[in-house]
């Protein structure tokens, strides 16, 4: 499971980095805590971070269970697509919210594949 | 641990489905990203999704540790109550925020039981 | 891994307790669901809870993987620093958002250490 562990850690580090970008945007656009609105570009970073949180809580258990019940190498490869997809999502969303679609798809599709694959893998052993 | 894995995956799929309902409500009530407010019903879907995120980050480790240190079958059964409770929570909250109590209780109580049971199970082996 | 499991469960219980403080602040400051703004002190509790969610999704997998690939006792000790740091963060932030720095640092640093340590530990076995 080491490849899966490494990919999970890369996804976590990416998420922490996105959080740092939110902090930087707070300073740059003058949006002071606890406010979470007030400047359009700040709000884009904030929503990317928040949306990545929403993905991450599904991604981590899904990749781990896929790695356990289906195949760890495929789990790690799908996980890498997710990590890269999130970078494209960040770049697209910050440039223009309408441009977030490609990165969104590239990070959502591997998560759906991990989720359904893991359900098939674990469900098969239940029956 | 297969029953626990399957219930975790069902809870994750439920959460993804709630996210899709938020996306649908964005279109239906004209609340465009990155805005997260602007229509009462949209905000209810948004809060259900957000609250389910808050539950999920506790539910997944708690059910896994309960399954490991107490009993996997009981873990899976408590987990199923949580999954059903969240559906009632969604239906109640969207109809009227004051009606979210039953579903909230039915999803919070199994999480508390998993949390305290797992603490007892793991703590017992520590001492 | 029992010490790691116990520390994860303490961090989860702490997070649930922070959520209860948000609920109490809703009543105390008259901010009714689904609103998440309207009173400065309520917003501080809300942001502490939200920020702790953001930390928790990184903390739980990071401490588990550090415990697996590096050392479970060190994982548990770093995890305890995180749990205590979050209490200081809550107390500081609620008193004055400018005073959240010490608790923030004390809870972020162990998470960064767990993350990088786990990456080193799992990466070493991959190569």
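By letter and in written order, the chains are A, B and C; residue numbering begins at 1 in each of them.
Everything below uses one rule, namely that a contact is a pair of C-beta atoms (placed from the backbone, for glycine too) under 8 Å apart; a residue touches a chain by one contact, two chains touch by 3 or more.
This is a predicted model, so every value here is computed, not measured.
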{"item": "Cα superposition of chain B on its sequence copy chain C - rotation in ° rounded to nearest 5", "value": "120"}
{"item": "Fraction-based call for chain B against chain A, same above half, different below", "value": "different"}
{"item": "Interchain centroid distance [CA atoms averaged], chain A/chain B, Å", "value": "19"}
{"item": "Contacts with 2+ other chains: residues of chain A", "value": "53, 57"}
{"item": "Residue ranges of chain C in contact with chain B within the complex", "value": "2-3, 5-6, 8-10, 12-13, 15-16, 19, 32-34, 36, 49, 53, 56-57, 60"}
{"item": "Sites on chain C touched by chain A in the complex", "value": "40, 43-44, 46-47, 53-54, 57-58, 61-62, 65, 68-69, 97, 100, 111-112, 115, 118-119, 122-123, 125-126"}
